[in-house]
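Below are two complexes that have chain A in common, paired first with chain B and then with chain C.
== the complex of A and B ==
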């Protein structure tokens, strides 16, 4: 009875381990198959969602906003699924936003670099040396991507409970270790951790609903109370707060809304 | 029948984990013993060896033979211990000093900075600020040391088979994991792996014997056939050949020894 989040430097290995772990525990497995659901829900093409999960973060402009919005939509749908518990999640960057939830086991799988380089070299018909350079570039891109969008470095081992390298340990052994860890009492859901998860889902859902109109909002949720923070000029402060309140108070699960509009020269949230 | 190295930051509870793993598996737990062995065998004060393995090389170190020579002595002493099998080493740089041995289980234990600060405060009776600064300085020193000597980052999870985060995972969970992993087939000593250690010990003995003369040598050993690679000129080559002849009689396990000048050393040479 827990959530297992698997992050990997190899999509194939991460997917394989997530599916087999879900099978072993009789949990549901969430992966990129969830993207068409997100696309339907928010009217954004699936390829744009995939682009948001993988592309290098643009520093400014419309595409930066679009990437932020796509990620918020993916995050909302994923959290909506994870609230149901007994899920294994991979490929949706959940390790970066399911933080501080005690019943979530976060695992990082590292593929054998030599094997990975051989595969890239074979697939792209490039020399091994170039394959290694490509791997290094991809690692740096992932670091930049995670730092830009979630202010966390996804290659930092302290973000995980467990890091398993597949250089010596094989896939089946890794699955055995994950299944064993998930069984520990520390990863059993408790009332408080379940409430934290529900709060995270609600905050994320509210933020996703506001992003198109108010691109720079910060949202927190505690129970049914939602606290929205944004920036605005002195003139439009009241108008903005009322508009946000009106939009949020009708959302499912929201009992009370608090909006804080701080004075800001560029009307952006901190 | 395995060799386990446990890498850790200061106050990350790695020592405790190593001692518990060794007690549970009935293995020998070593750390400072390696330095004592090296100190006794090569007649170097222990304090100088500690400095060599702990402090990052200074600018002056780059122009002297000191540090590489001391590292050769320490590696030689550790390999001699590893030759006996069934050891848990929790001293510095075990995963790098035992590189090339296939059945070494490389584990890194990490802990949250806040927990480490608390441990340091209670042990050293110092303020939080002092404790934090000491730990961060120590971490920085370790990173600098590994980068300058091996060109690697000790925080890179890819260097280890398992990275265990002592936070949600308890000490007992971690110990259980390490013990389970140590029983896996790939971490058992095979005749080939034993031969590999024997060859590494011989290569290390040769390197240690040459370390005082020049740092510009790399050594390989396969089934007792030792090759010494040097970039130095003819004069040094003659000197090395002379020394090699002596070593062939003094060091056990050498069947044949050759000096190669002007030939690039293979990547696995030490």
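== the complex of A and C ==
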């Protein structure tokens, strides 16, 4: 029993390997099919959620806030599924927010660049050289996107437990390696890691619930205790803390809420 | 008819043994509590316990060494590690070395009860956990 998170520089390869790995292990597979569920739950159109997962991060304004909210909603629903365990996840950026969970095996699949360039060239009817430039641009965008939203560079191999290059290892072999690695005892769930996962889900759900009204909140959870941090002016500190507390204390899984409002205003949301 | 589960509890903080010892006793465990890892290892050499619950960070001998010792001496024994300094790397290392479970402090007595129940099931020991509850800390 564990969680496998697959990230790839090729959407198609990541998806294919995730599905086949889930099949081999008899796990459920989570991917972009989850977005309509998120859309229903939070009243945001699916195309906006897709945009949030793909688009270059706007530096300011309403779009930046919307992208942040969309990602928080996706994250909440994804974590809500991952706490159920026995899941393979891809395409939902989980490799950037399921961090420090010992029973989550994080895998990076590197597509064969030559093959990828040929495919882009064929699909877009562009010369190979241009296809390579597009790939390079995409890689830089993903770096910026992941660093902006999660302060992690998703193209950095050190972020993963396992990195597989499809230039050297074929898809079927890659699946066998992932299945075998997931069976290692070090990736087995334990009371501590399951609790970390539950804490992450609760913190994220609380943050998602607050974001529309309080865009700049940081939330931590430990057991049923939730700690919310935000900033406010000296005049509205008490009012803001009371409003947050009232909203959070009735949420499912919350036993106790602590709100810390510090002086000042956030320049940038966490 | 339920059996008694033999449990060795090791933590250099006396309060842990004092609190958890009686609480585990109530759910059908015969508990021997130790604060000194050396004395605990001596006892482990004398007796094969069903379950060993040990803190990780202690003085000279740490919980990982206790885990290694138990795994060599009695592979059947289930070792549960507890720590106030839980981190992913440590948790993975513990599981790789054969820990049965890994719990971060603070935890509720009932959390440990559930893990002990799981260990009992894994050992095929029938313990009457249903009719006893541990009061929360």
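As a convention for this text, the second predicted complex is superposed on the first by the 264 of 270 C-alpha atoms of A that agree within 3 Å, B and C clash if a C-alpha of one lies under 4 Å from a C-alpha of the other, contacts with A are read in each partner's own complex, and residues count from 1 in each chain.
As a working rule, a contact is a pair of C-beta atoms (placed from the backbone, for glycine too) under 8 Å apart; a residue touches a chain by one contact, two chains touch by 3 or more.
Quick caveat: nothing in here was measured; it's all calculated off a predicted structure.
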item: Clash or fit, chain B versus chain C on superposed chain A; value: fit
item: Three-chain overlay, vertex chain A: chain B-chain C angle, C-alpha, nearest 10 degrees; value: 90
item: Touching partner for A:24 - first (chain B), second (chain C), both, neither; value: neither
item: Which superposed partner A:83 touches (first chain B, second chain C, both, neither); value: neither
item: First (chain B), second (chain C), both or neither touched by A:37; value: neither
item: First, second, both or neither for A:100, with chain B first and chain C second; value: second
item: Partner chain in contact with A:186 - chain B first, chain C second, else both or neither; value: both
item: Chain B versus chain C as contact partner of A:195, first or second or both or neither; value: second
item: When both partners are placed on the shared chain, which of chain B and chain C touches more of chain A; value: B
item: Distance of closest approach, chain C and chain B, by C-alpha atoms in Å; value: 6
item: Chain B and chain C contact sites that coincide on chain A, given as residue numbers; value: 102, 184, 186-187
item: Chain A contact footprint on chain B (complex, rising order); value: 105, 108, 110, 112, 155, 157-158, 160-165, 167-170, 173, 177, 180-181, 184, 186-187
item: Chain A residues within the chain C interface of the complex; value: 100-102, 184-188, 190-193, 195
item: Contacting residues of chain C [partner chain A, same complex]; value: 86-88, 91-93, 95-96, 98-99, 101-104, 107, 111, 114-115
item: Complex contact set, residues of chain A against chain B; value: 102, 105, 108, 110, 113, 155-158, 160-165, 167-170, 173, 177, 180-181, 184, 186-187
